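This is the structure I have questions about; it appears just below.
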Amino acid sequence: MTLQLLFDALSLGGIYAIAALGIALIFGVMKLVNFAHGQFIAFAVFALIVPSTDAVAVMGLGAAPALVLVPAILAVGAGLAVASEYLVFRPLRNASPVALMVASFALGVVIQNGLLVAYGGRPKAISLWPELGKPVALLGAEVPMLQIIVIVSVLVVLALLAVMLKRSRIGLEMRAAAEDFGMARLLGVRANAVIAGAFALSGALAATVALVLVAQTGVADVRMGGQIMLVAFIATVVGGMGSLPGAVAAGFALGAASVALQAALPIEARPFRDAFLYGLVILVLLLRPQGLFAAASAKPRV
Amino acid sequence: MKHLTLGTALVAALATPAMAEDITVGFAIAKSGWMEAYDTPAATAAKIRIDEINAAGGLLGNQINWVESDTRTDRAEAAKAGLDLVDQGAQMLVVSCDYDFGAPSALVAEGEGMNSFFLCAEDVKAGIQGVGPNAFSSSVLAPVQGATMAEWSYSKREARKAYVLEDTFIEYNKGICTGFNWMFPRLEGAEIVGRDTFKNDDASIASQITRIKELAEEPDVIMLCSVMPGAAAAVRQIRAAGINSLILNGSAVDGSYWLDATPDLSGFVVPVQGSIYGDDPRPEVEAFNAAYEKATGARPASQYAYPGYVLIDLWAKAVERAGTLEGAAVTAELEKMQDEPTAFGPRSFSGELHHQNTALMQIIEITGGKPARVDEWRISEPVPMDVLIAK
Amino acid sequence: MTEHQARKLASLTTPLLLIALLAVFVLLVGAFGDRSLGRMAAETLIRVTLVVGFWIFVGNSGVVSFGHAAFACVGAYVSAWVTLKPEMKTLLLTGLPDWLAQAEWHVLPAAVAAGAVAAVLALVTGAAILRLSGIAASIATFAFLAMVNTIWANWTPVTGGTSSVVGLARYVSPWVGLGWAAAAIVVAAVYATSASGLALRATREDEVAASASGIDRYRHRLAAYTVSAFFCGVGGALMGHFIGVINPDGFYLSLTFLMLAMLVMGGIGSLSGAVVGVLVVSIAVEGLVRLEKGVTLGATEIALPAGSQEILIGLAMILVLIFRPAGLLAGRDLSLPAAWVAGRAKTTK
Amino acid sequence: MRPAFMSSPRRVLHKMALALEQVGVAFGGFQALGAVSLTVQPGRVMGLIGPNGAGKTTCVNVLTGFQRPTEGRVILGERDVSRHSAHALRRLGVARTFQAGRLFTGLDVLDNLAVTGVGLGQSRHHAEVEAIRLLDWMGLTGMQSRSAAGLPYTDERRVAIARALMGKPQFLLLDEPAAGMSEPEAADLAALIRRIAIELGVGVLLIEHNVGLVLSVCAHVVVLDGGRVIEAGDRAAILSSRAVREAYLGADHPEAA
């Protein structure tokens, strides 16, 4: 049964890790805590269905075969993120981090209410890949096929991303920019390309989360990205702002902590699970204020 | 001119029967935000009943008008909407479906000595206990739904071992579980073998499912106290994990619109006030469904249209009997109602409770992805007050 | 009189001007508005209390807090605990200790108690959280908010859980709101000109230079956090007694972001920015809501489609941030001209 | 509130010195300072020189609580203050300036000084009174209402020094105060530093690139290189030191041999 718990932790942590990576990428290059990330996720979910306020959802893009659907949804997420960057965040590039954050929140409000107007307030059901809804036996545990798909796709995405960041020029530039954007610019990193690239990647990661979520839950709801975004946001800080591996590790850690608390707490305390989880976050921050994977320069340079 | 007194109403009725000063009903409901999806169908049903009454000669000889104000799914706006309607001359308020979002408007009505009806609130506080003596809801309390599921599954499906999975998102969920937890252990040989909680927006409930799978044997039923979208997500994940127990839920997940989330779902049961699927044994229900389709172009998407219809029906009867619109007088007439017949079954109110603590409910079961009415059930005894209140 | 002194004297006129501005607002609404506009005015003034309280910490320290909605939450419930009718409490809040279950306070001491409890909570939690700096501190306040929300939504015997607590006396008129808003403004102005306020602003500008100046950043932050929480607690209590119904959900993310948005729109750098931000956002929202409900212009009725208010406000916020990144007032305070104030001071001597 | 600080018993503390004892600082694997010992005496000006990266600023950071030593101790009088925070050390009378002025640019000059007074526990009023007196003493009369942003370079340096002198510190650590100054400006600065030591009795540690300036005001000079003290002594001793030549000119330089 511990094996089952491990799968549970991996599948939840994987979702958080991908979302955290999406937030950390943008934070790295422009110190923006993107509160619209949750709405990016919701937008990508709703892109699967035909806009209508009817109760029954009609699959649009979602009806396409996976080979078409997956790249198309990733492109939708990336497109939305790049458009947001161009229209909202580029003109704000010299604004304070607080102003940027509030702008991203405002953008989130716009996207969410846009979805409400187009699709209505009722949650909708999406039948995406129903054949995944069967359990399979694996290493002595009976694991939902869905969970395996979630874990495998999370690992594939992370591996692809790692290769991309390591090998390609834009990847190298992005990592440099995440470490120290000012320095990276002096070294000739193309600021606009890197920022747009980071947004595109972040949007595609949001779309990945959207696909995983839909496969897991089968529903579309305008509020659905919010909770994940918040956990992911916390994960990026706990992991050490600007550290991409840190964000991923902390995302997995939060997922695992959540699963462990759910499994370990007595029934009376279980509704308070998140209070314990966030208490743990505060504790970690107090012990390691710079995050678990902090960069070397811990103190302000005098 | 907020309240028609008995005298003026009578005088008006005598003087110019059909042309008298109109009666105004105010709707403080969400026309935007996520509550809109719940409020609009119920409000539409209420207006259908208003049209019927008007066509049949009106109320106290007067035509009923209605005015609306948007609560925007926001508590502060709800209070403003209530005031707004009172200023527009509303004499009774119909407020948002949910207790949380309806109460601010209902309190305005209470402050004016007017009656208020929640469109479909199922929390005992949406009445005397939480708003005041003139507030009512015509829907069926959430604990009744949970208790109905407990007794019905015990009697008709030999459920002996139950697992309770509670979504702590809203009070309604907790109410269903309260009813189930009260009724099920009272039944001979029945036992709740485990409990767990989750949050509606949890990205995954894998660890809750693991706990169910750790049981020595699969429970006969899983009482899932949840609402959309978390309920659909939970059902999908439970079935994907290979758990085949009968899943029970409350009325809130009635409707077929979410079934795509788990294709070919079977063994899922909810209690409702009337069937939207065209198989209700009572012709009045199907007549309403047809009227609704005529008015909106589509059949009701869930049973939540029905309480809107019932509330106007009951209120109008009480007004006729009281001969006035004055809040306290109408309340007195409403509280006299015992098993008052309506299209959706009998309804009762008392000086203690402005809700249904027992009701004849239709049992809807989903088999192979198709919902259908399979039975009806009325719990053997009403849910007692102390269970309703001491949650 | 030196220019410095004249400027200081002029800055004393800021709270007076702001209070006068709000008083004019209330009078205008009272004279020309309907009842629902009166409600909007009261709500706006409650928000002024909240946001000015919020500004005392955020504006002076430069640390973004996500936790202040939690203080409003606690304040609202404290006031409910001490003012609700005992019958109501024995029925719905069964877990309250006896003395609290029997309490039936007047609303004014209840509001003060709401602020005081929030302030104590801030002092205790801030003692841990404010050891952190920068974004880690912000996240910790956020985690604090999420903790309070989870506890409040599930501590059913004491808070009623996710179910709303009702029956709060609805006494908050625009004038009550104005009274508390004025109190918050005065305290905020006094704090900003105090030694602690100056010290905290120095840490906002340059943490390193401030500690080289002997400033214990932690102590001043904690002081501001506590004072700030007091007014957010009071603001929460007022909100409860304004709507009559409280629910943990009403004091969570949307309130947090509303407060932040108002502050940033007006300009985080000055007290006047906080007040003006609240006024501008509240009035704009009310205007759009009315447009959505429809207005009649001559023979034609114009109505915006439902839901467009949120979208338009969001877009307006983005535009303001793009064109005035430091907010509408860009860190300046409303005050009478320094030279004029100095002149008056001389002639009255 | 302790306005008493103003009259903190300097006479009693007169013999107190500020010292590093065998201090080492390591950042990760990099040893920035190793076994450095030095003592700053009240009323005297000590120079600290060395090539770029010698560890001069790290020394100041350790002495003022901005950097914890990884080994060794910081001693103030009799007390070990190695683990004191920066603001606590400032309250004990150890003041400093920064290479980049680091004035509070959103405040005017008077408030820049008042911040320190407040930090030392004075009331705002007391702090302003002392600030005005101090500005007068430094010849900056009339500057108090100027905004700290956009001050001329030399004024910015002098305001920073004035800020550090609030509350009569026992020690003042100046981190390259003359950088970018012309010769006459540097001479004015030298005069000011002498006055600070003599008239106020403050012990000054002067870090400078401008070796000429250091040798003209300092009775005692410490030379750092590679994080270690390579020479200490008076003007003559420094000028005749072979180690200093090597450090500045390189070991293979003909003059160094």
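Which chain is which? They are A, B, C and D, in the order written, and residues in each are numbered from 1.
Quick note on the criterion: a residue touches a chain if its C-beta (ideal position, glycine included) is under 8 Å from a C-beta of that chain, and two chains touch if they have at least 3 such contacts.
Please read these numbers as outputs of a predicted model, since none were measured by experiment.
Chains that count as touching both chain A and chain D, per the definition above, are C. Chain C has the C-alpha centroid lying closest to the overall centroid of all protein C-alpha atoms shown.
Interface comparison, C-D versus A-C: the higher number of contacting C-beta pairs is recorded for A-C.
Farthest from chain A in terms of Cα centroid separation is D.
Rounded to a whole number, the gap between the C-alpha centres of chain C and chain D is 44 angstrom.
Taking the mean of the C-alpha atoms as each chain's centre, chain A and chain C sit 32 Å apart.
Between the CA-based centres of chain A and chain B the separation comes to 37 Å, rounded to the whole angstrom. With touch defined as above, residues shared between interfaces to two or more other chains in chain B number as follows: 32-33, 36, 168. Residue positions of chain D with contacts to 2 or more other chains are 66, 98. Counting only residues that touch two or more partner chains, chain A has 116, 226, 271, 273-274, 302. Of all residues in chain C, only 2-4, 7, 193-196, 198-199, 201-202, 205-206, 208-217, 331 touch chain D in the complex they form. Residues of chain A that touch chain B in their complex: 1, 4-5, 7-9, 11-12, 15-16, 54-57, 116, 120-127, 130, 132-135, 142, 144-147, 213, 216-224, 226-228, 258-259, 262-263, 267, 270-271, 273-274. By the touch criterion stated above, chain B contacts chain C in their complex at residues 31-33, 36, 69-70, 72, 75-80, 83-84, 87, 99-100, 103-104, 107, 111, 123, 125, 129-131, 168-171, 174, 389-391. Residues 34-36, 39-40, 43, 91-92, 94, 153-154, 156, 161-164, 166-167, 170, 239, 242-245, 247, 249-250, 289, 292-293, 306-307, 309 of chain C are the ones that touch chain B when the two sit in their complex. Interface residues of chain B facing chain A in the complex, by the touch rule stated above, are 32-37, 73, 168, 195-197, 199, 201-204, 206-211, 213-214, 228-229, 232-233, 236-237, 239-242, 255-264, 298, 301-302.
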